[in-house]
Each structure stands twice: as C-alpha cells, then as structure tokens.
Amino acid sequence: MIVVLKQNPDPQQLNTLIDWLKEKHVEVHTSTGALHTILGLVGDTAGIDEDLISALDIVEDVKRVQEPYKNANRKFHPENTIIPVGNTQIGGGTLTLMAGPCSVESEEQIVSIAKSVKASGATILRGGAFKPRTSPYSFQGMGADGLELLKIARQETGLPIVTEIMDPEQLPLFKDVDIIQVGARNMQNFNLLKLLGKQEKPVMIKRGLSATYEEWLMSAEYVMAGGNHNVILCERGVRTFETYTRNMLDLGAVPVLRKLTHLPIIIDPSHAAGKAWLVPQLSVVAVAAGCDGMIIEVHNDPEHAACDGPQSIRPETFDAVAKKLHGLHQYLAENP
Amino acid sequence: MIVVLKQNPDPQQLNTLIDWLKEKHVEVHTSTGALHTILGLVGDTAGIDEDLISALDIVEDVKRVQEPYKNANRKFHPENTIIPVGNTQIGGGTLTLMAGPCSVESEEQIVSIAKSVKASGATILRGGAFKPRTSPYSFQGMGADGLELLKIARQETGLPIVTEIMDPEQLPLFKDVDIIQVGARNMQNFNLLKLLGKQEKPVMIKRGLSATYEEWLMSAEYVMAGGNHNVILCERGVRTFETYTRNMLDLGAVPVLRKLTHLPIIIDPSHAAGKAWLVPQLSVVAVAAGCDGMIIEVHNDPEHAACDGPQSIRPETFDAVAKKLHGLHQYLAENP
Amino acid sequence: MIVVLKQNPDPQQLNTLIDWLKEKHVEVHTSTGALHTILGLVGDTAGIDEDLISALDIVEDVKRVQEPYKNANRKFHPENTIIPVGNTQIGGGTLTLMAGPCSVESEEQIVSIAKSVKASGATILRGGAFKPRTSPYSFQGMGADGLELLKIARQETGLPIVTEIMDPEQLPLFKDVDIIQVGARNMQNFNLLKLLGKQEKPVMIKRGLSATYEEWLMSAEYVMAGGNHNVILCERGVRTFETYTRNMLDLGAVPVLRKLTHLPIIIDPSHAAGKAWLVPQLSVVAVAAGCDGMIIEVHNDPEHAACDGPQSIRPETFDAVAKKLHGLHQYLAENP
Amino acid sequence: MIVVLKQNPDPQQLNTLIDWLKEKHVEVHTSTGALHTILGLVGDTAGIDEDLISALDIVEDVKRVQEPYKNANRKFHPENTIIPVGNTQIGGGTLTLMAGPCSVESEEQIVSIAKSVKASGATILRGGAFKPRTSPYSFQGMGADGLELLKIARQETGLPIVTEIMDPEQLPLFKDVDIIQVGARNMQNFNLLKLLGKQEKPVMIKRGLSATYEEWLMSAEYVMAGGNHNVILCERGVRTFETYTRNMLDLGAVPVLRKLTHLPIIIDPSHAAGKAWLVPQLSVVAVAAGCDGMIIEVHNDPEHAACDGPQSIRPETFDAVAKKLHGLHQYLAENP
C-alpha cells in the first residue's frame, strides 16, 4: 500500500500515523520529494482499512498495491479449483454446458427440455424458479413449486440442477439444489453471500451489471471467508453506452480472471446478448476465451416462454451448438 | 407500444398475433411500408409483456411508448407526494436535511452528532447500523445495537431516524425506524422491495450504481404496487468511466424525475463524491437542482470514523453548509 | 420512423406536419389511443431529419425503425465486401494478419520486424508514423520520415502497409500508403472522413472510445457517401467503468456487425488490452468471433519501444500466435 | 511516481532501471516487502514515460503521483486565469452568457437572435458555421459564409463571437473570430490543438464524450504547451448508460476542476440535455456549481432550426432564464 502525503504534512500527525502502522506490523518506508512525500507500506496490508487512512488530513491519496482478496487470489492458491457436482465437475479442463429454460413453467416443459439438452451434451440443468424481474407486473417465477419440478427433471435425467436464490429466507428450499446461483442484481447482497459461505453447496456468482473484477472477486471472497470455497464466477455481460445488445459480453474477463484467481469461470451468452440469434456465435467465442463452461437458455417454445423468450434458443439449435462447442474445445485442448 | 415486423412476415403468424392482442383489449393499427410493417398498439399496454412479443419469429423490434410504471407516474398522479415524518415532512416545498454519521459507533458519538446537526438545522438523523461493505474484512456496522443507539439519539433530540435495511429478515428490527433506506446495491432486491410494500413506513430507495431512471422508478413501483405509496427517491451518483470522484452525481436527474414522477427526491452528495471537500459545493448545487432535501454524512472525528471517513464533513462545516443551503432554498423559493 | 405525439396535439400543427411529410413522399399512418397518438411513417425516411420533428411542440418522441446508413447497410448490399490490397485481400474468408511496431523508429527496426512478421504469416505491415498521444510531452512519431521507412520495409518484404493519418493536411503524404487508418479519436473527424471518401485508398476506421455501432457505421457512411466503398471497420475496445485493461474488447461486435453491414471487420487486441500478456488469448478469441483479421503490435524490443511498449508482443510470441490463429481459422472454416 | 516490481525481479535489470532513472535526475527510494518491492521515484517525473517503465519485464504496475499536466495545473499557477474577450472577460467572478443558434442560417436570423440575446444579458454570441453531424446526409452548416454572417451580427451588436473549428485547414478563416471552439469529437485532435497553441485567440475546449478530467486537461496542455494560455474548458455532458437525456451533465466537474486547474469553466446545458425544457433548470444548477458562464442555444424558431432544434430555447425563455441566472449569481457572490 502506498500513502501519498499532502505537501508539508504536520510532523506530529505523520508520526502518529507511522506509529499506528507499525503497531499493525506493517513496515513503513518514507520517500521525501519536493512536491510529495510517499510512504511505502510493506507487509500484510489486507487488514489496513484504506478508507481510514484516506480520511486523514495529511493524506492526499492512498494506492493499494496488493489485491484486497486472499482466498480467491491465485497468488496464494496457484492451483485451479475444481468443483465436483453430481457425476460431473466444473473446472479442470472440462467444458461444462448448463442448459435449460429461463423459467420452469410445467413438469412437462422442464422434463422434456432436460431430456433434450442432456441428449445434446449438457451436463447440468438450469431453470429459474424465483425470477428477478424489473417490473412487479411481470411473471415472477413458480417459486418453490418450480424447485420441485426441477428435482423431478433431475430424477428423470440424472442432470444436477443450478437455479437462482433471491433471498436468505429461501435458503432452506435450496438444500437439495446442486449449484446455487446468485444473480447479477444480488452480487453485492452481502448478507446473502455470508449465508452462502456458511453452507456447502457450490455457489455461482454472476457479475453485477457494472461490477469491476475486484468487486466481483470480493463478493466471491465473502462466500469463501465463511468457509465455502466452492465458488464459480459467471460473466453475463456488463452495462455500457451501447444498447443494441442487452449487455456487452466481456470476454477479456476470462484471461484476466485466470491470472487473478483460481476459481472456475462460466459464461452466460444468453443474458449478455438478449437476442437468440447471437447466442451460437457468442458461445463459440466463449470457448475460445478459455472458459470452463457456459450457461445457455434453451426453450422448446421460445415464442411462448414466460420470460426472456427473445434470448432462448431452440433445442435443435442447442444440439448443433453443443456439438460445435465440444469440437472446438477438443481442438483447442489438442492445439494449445 | 409499437411492433416493428420483419420483412415479409408469415401472414398466419401475423393474424395469430393480432388476434391475441385484441383479446388483451388492445387496438392494433397496421402501417405497411416497402421495408417494414409497423403495428401501433393502442390502449392499456402495461399488461402486455414486451419480451413475449419480441420473441416472435416475425418481430424485428418492439418499442414501448407508454412508461411501464403507473403508481409512480406523474401522468396518473399529477400532484407532488408529500410524506409526513415525525414533526416534519418530505416534499411540498420543504428542504429536508438528513445528517449524521456513516456508521453508528457509540451512544456518545451518535447522541452528540445528533444534537449538533439538529442545532444546525437538520430535521432527520441518519446513521448506519447495518453496513454494506465491499470487503468481508471491513467493519460491518453495529447491527441491532446500532439501531437501539439511533433510537436513544432520537429520544434525546426528537429527530426522526433514517437507516438502511439490508435484508428482509431485518424488517422486524425496523418497526420503530422512521424511514427505511434501501441501498444502491439493493435497488433491485425485489423480494425486499415487495416486503417494504406491505408495510407502512416510508421507504427511501437509492439509485443503483448503473440504474436507468426507468429501472429506478420500477423499483419504486414494486413498493407502491404492494400498497405503500410513501416512497422517496435518492440520487447518490452513478458509475462511469471517470474515477476521480467515487461516482458521478447526476443532478439532471432532479428535473427529469420531476417530470416523470410525483415522488420526492433526495440527493446524497457524500457518497457521490467520496471526498469531504466536495460535499459543500455539491450540496449547494443540489438545492439549485430543485431537490426536496439532502442526506449528508457528518462525523465529529472523520479521521477515526469506522467507515467512509473520507467523505464525512465535520459538524462545524455542516453548520455553515446548512445555513447556506437554507438561505439559497429561500432565495430560490422567492425568485422562482 | 414512428412519431409519438403529446396528448391532445393541436390539430392545425398536426395537419401541417402530416402535409409536410407527404411532400417528402412519406406515407403517414395514424393510430389514435387514449394517451398517445402515434404516426407511423412509411417509405424512404433516410432523408427525414429526426431532430426537426423532435423539435415540434406537438411531438413527444421520435423512434427510428430504419437504419440511417445505406451504403454500409447489409440490407441494401447483401454480399460481403472484399477489399484487394497488394497481393492479398481483406474479407472473403481470408484471415488477414496486420502486424508491426506501434511506432516506426528506424530503418533497421522496421525492416527487421517486417521480415520477421512476414515469415510468421503476416500479410500486411503496420507501423505508426504520426502518433496521437494524450500528452504533448510524449514522443509524437517520426512523421513523414516514418512513412518513408515504411515504404522501404514494403520494398524489402512486399508487405502492403497500413498507417494512421491524423489530419487532412497529411493526405498527400499518404498517396503511396496501401491502407489509411483513421484512429479512434478521429472516428468523428468528419472533414477527414469526407476527404478520404474522395480518394481511392482503402480506409480502416477504428471505433471511437464510446461510439455506438450506429455512429461507427455512420462514419463509414461518410467515406462511402463520397464514393470510396473500400472501408474496413476495426474494433479496438471501448471505454467502460473497468480500468484493469485499457479498454474492454467488444467481441460481440463481430456477429452484430456481420448482420448490420457487409464491410470487413478487423480486431485490434493490442490497444484493447494495453497489456502484452493478454494479446495472444484475445487474438484466439477474435478468430472465433469470426473477424476478417487482426492488427497486432509486434516489437523486437518492447522494453525500449518509443510508445505503447506494454502492449507489444515479441516476434517469437507473434510467430507462435500466428500459427495458432491460422490453425484455428482453418479448423473453423472446416467445421462451420 | 511509484513503480511496483514483480516478485523476485532480476537484480541486473533492476540495477539498469535504477541507473537509468538516476540519469534522469530522479531519486529512487526502494521499499522491499515479502510480496512486492516498491520504488518511490521522487523529483520531476513529468519527463519520465510511464509506458516505457510499464513495459519492463520486472515491473508489475506504475502509479503516477504527480499530475502529468503543468501549465494547466493549479499547483503551479494558483491564480485563476481571466481571459479578456472584446469588452468583456471570462473568469474572475463574471458570469458569462454565450448564447445564439446552433447553426447560422441567414443574416436576418443571426442578427435578430444576436440583438435579442444581447438585450437579455448575453455578452458573447454563439453560432455554428461548420457543423459536425453524425450523418453525412444532415445539414453541415453554412461554412465560411456562416462566419461572415456572424461577423455582421457582431458588428450590429458589439457581441464577440464564439464558433467551432473542425479542421486545421479552416484556421485562416478564424482570424477574426473572438473565441475558437474545439468540439467534443475533436478534443483529442492533437494536430488541431497544437496549431491552436501557436496562435493567440482564446480557445474553448469541450470535453470529449467519455474524456476523463485528466485527458481533458492534457488537451488544454497541448494548447498551452504551444504558448497560448488563453484556454477555456467547457463541460457539455458525458456519455453513460442512461439514454433519457442525450448526455449526463457532470456538474461535479466544476468544483473538481477548480481544484485541479486555474482555467475558466463554461457549462453547456443545451447539448447535455438534448431537450429544451431541461435547459433552464440545468442552467440554474450550473450557476450554483460555480462555473464562469454558460453557452446556451437560443433559436427564434426552434421548430424549423436547421439542426439541434429540440434543445434550443426561445428568446423569451432565454430572457427569463438570463435574469434568473444573474440574480442567483449575484446572490451567491453576496452569500459565499
């Protein structure tokens, strides 16, 4: 951590600061220049509150050198995390395809889509039971009933299920879910994250609409600090000035996160695009980016989907895409 | 609502769509051009799901003409909403100053600041008990104990209190709070919003980091759809490419919201700036923008504040600022 | 084009508007609803100035249905544009690799890099002679001398050259350049674009830092409207709230532009990333996105490059990357 | 400047770097920690190229402590710059109102608007002769003829004129203009800026659509480095995710720039809003923000303006607004 002091800092305040830092077992190196004096803080600065130092009268700026996350940091955990889920795993060279409808709508619908995506090579079934919708007048999902239907589909197909939690109060209902998804709008719902850190199910955290990599990794850190290290990161596009697509898919996030963290990375091309015709191409791109898998919306009747129909592809499209993705994944593994 | 069809739409699908719309009591006007056919939907289209129509094979684009919010919409409620709180009110020409520390830290701290800001003209006391923090390793607030200390400060000063809820489970603790604040990161925590719609306390909704006006008003609509019309909007800066200030305060939001909605508008210059020295000037600007009040962080010892010290002003600064703001507010009322 | 009228529009003003539109050979279809009246304009609306209509007292909003660009629009030119350059071409299934240093620094440097990238499979040589730099105190390029050195490198290797123009006055110097590049900061330098439309050299237009697809295509339209249809689009990352990388590479732009336009699309992973270690992976992703080629900074001594060293890869890295890119391109062509 | 080294830097490379820095008369202070070694560079680092150091293999990150601009920096020029223009001045406590049409359309139009805005208290006449338009099919301004009409209006009213240059080649035509405006899209047209630095007319630089404060001040620095210190900054809104207004007016820019620079600051509420009804309120806000003046579009017939009609206010509105602005400016001067 680097502390840039204002010109002519009060010497007594400066001494107080230096003494306080030394108490925290941080070494302080002082560089005095004509315009600025700089303090270089060396040691474990994760416990030093940047805001507290910034507030001091004598301080102009504080710059962090070390990342503020530890459990999620590749520097401290060089090996990639692999998360076993049912008979499959996420990470470790596997290309995981999570597929299914935006919303669970009926037993027939979810079972039939589950069978279809399994036949096409999906290894995890997605489906929304609790749906975050911008409008209170839109369909809000089937709730607990939807979770039951997902479990039936799992029983019929053997596919583990991933579905979104919206609220700490819903946690008991998720006991039998395989992966608990935290939506983009809840990425900084810190109470929810803490609670998910105290249970054992894998947690997939979607990136917030305008979250930086660091904020996203800090949300993973919330879960991991509680003891649950089974965290998956899911890039789903960020908000920019461009409105042609719903969001801008940040595929550079994959190599950046690979450097910063050991956690597996999933891409959601469906929500990023908001347009079904873009999903196949974006999926190909995601494989090339080196992600550990994708979560793709598939609906057997997108024109009558209860929500997000415009971004759902049909099972026959998914079938073709899945083949292409697995082929490309294998090609890239063999031609590194 | 306007539906732009693709070139050469299938006539049977088009008829199905038109019949379906007519069942929803929406009139359909067709304009056929060389490149595009346009359907003009006339009537109450709030119940028509834009996404469903977008998903149709024959549809190129859907454009909404009418705002999707009703309760929050000035077109349907031309009069400004005025919200009584304790002995004061928000809206209706009053300039409400909410002031207090970022976090409640001790009885002595909160009571002393409360007395001080009251003497300077604040009419509502702010103070955080539950604190959303980016890092799990930062101070998370005093929690329920902090709420108790706020009530003591209210008893000592008569100032109503506003404080942030982070979670539906905390609601019972907020029974005795005067205004319940929903933070920027929770603006689209829809379960929380629904719950706050079913109780009677005024709710102040901060704008999300990258929320559009429409999304923000839809969050207000969630609370209002539940029956609670005492909703206050709080602009606290949005996220952009500029990192000199923590966020960019969108002061144009005030006249825009005045046109779109009848709800009162509060400005938070402290969180927008992230720098105490900017707060006085931004506050003056906020009064000129025509807001109904401000929420300002005041700390008697910002250098040792448990959080967000860098943006807290001292009581003596607040005193000077409050005088200036009230003077300006009166000047503008007299010189419309 | 759709015109949404305010409630209760003045009938005389409305008639004036409708008559004016009919004079422009546009059909007007009126849909009258309880809250809004909508005019659907059908016909060739490219000549109708949206701003003029928006300014009318009776108009609430104007929404364009048809794209405002014609020459660049795939709807009017369904076939992909292929641009011949020297012995090679851009578009039409070729993967073009443009490579070379950020700045031309000496004859020895540019010739040696040119030979090296040619041996690795590059078909076009890049190199900056006029350099746009944020600071007036940074190296501004070798100017006309740099152009001469580029020509020597072309003579030595046979590689066509692409280099950036900054100013209409420089155009005479570019007579002998193969592709003229317009930088991101000049994407809306309309006088420059007009001038480039009146000459015949291919023009590569980089996307502005926060340019929408439509604005970018309108800049292409400026060149094409002048008669020069040899326009190449170059995505180089856009500005967002994330500062870890210099810009955010928008790879979804490739399939979106493929739909909207027939012009070839080049990706610049070097400027997007700002970090050399990201370039190889982003290049792989760009091929998967379906672009027509890439422009990559290669420097034999990035640590002593006169500018943008941090994002330049070494010739040996480029060699490995180019092999990988060509392999992947072939794999994808064979497995569509 | 602070250089953060990678773990275990090669000692020889480190020595080479330190020797090179010392040659540049920069002191180097080394702080060695368990994870990182930090070099604190002390002295005049403006001449040190950040990019060159970043490119070194042993360097992880470089952080600048000192601002990269000197002439524009308040630290080196504490006194506010005051720029005399005709009989008036910009800065120094004056509230300058620049007003006039978006485009000059005819002698009658410009002279009549000039007389009207002068009567209302404007001290400078604005009017576009060369118009940057997104579409090649939109009206591009009257060009040199427009400049002549502006001069006639100046002769008739005595108002100095401000108008936009788009291109270095146009400079000879601007010899008799009072203030040369550089548009947002040209903020980083560095050749134009250099040229404007070598002449004496005041230059008003509009902020780029997504320019940071630092980039904007570096553009001012380009002009000042050439010898012309008469630079005015003009905030005109920035691009964000919100599309309700054309741009988001960043009023916090005024107090921030006051701290960073001594140059005068003008606000353009018309282009920021893109809607005439917002202009009066945004103007009031701009005065409260402490700006040195405003540039406002006024048209006697906005519904038939050749461009940007939707954001032009009528002369009678300007008259009322100007009175309000001057009243508020005086009130704030008397009640600091």
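Every chain is named by a letter (A, B, C and D) in the order it is written, and numbering of its residues begins at 1.
Here, a residue touches a chain if its C-beta (ideal position, glycine included) is under 8 Å from a C-beta of that chain, and two chains touch if they have at least 3 such contacts.
Quick caveat, the model's predicted, so the values are computed rather than measured.
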{"item": "Centroid-based (C-alpha) most distant chain relative to chain B", "value": "C"}
{"item": "Between the pairs B-C and A-C, the one where more C-beta pairs touch", "value": "A-C"}
{"item": "Distance between chain centroids, defined by C-alpha means - chain A, chain C (Å)", "value": "32"}
{"item": "Averaged-CA centre spacing for the pair chain D and chain C, given as whole angstrom", "value": "26"}
{"item": "Centroid spacing, where centroids are CA-atom means, of chain B and chain C in whole angstrom", "value": "39"}
{"item": "Junction residues of chain C - those touching two or more other chains", "value": "210, 239-241, 243"}
{"item": "List of chain D residues in touch with chain B within their complex", "value": "210, 212-214, 238, 240-245, 248-252, 254-256, 259, 272-273, 277-278, 281-282, 284-285, 287-290, 324, 327-328, 331-332, 335"}
{"item": "Complex contact set, residues of chain A against chain B", "value": "46-47, 49, 51-52, 54-57, 68, 132-140, 166-169, 185-186, 188-192, 194, 208-210, 215, 218, 221-222, 225-226, 239, 276, 302-305, 307-310, 312"}
{"item": "Touching residues on chain D, where the partner in the complex is chain A", "value": "2, 4, 27, 29-36, 38, 40, 42-44, 61, 63, 65-66, 75, 210, 239-241, 243"}
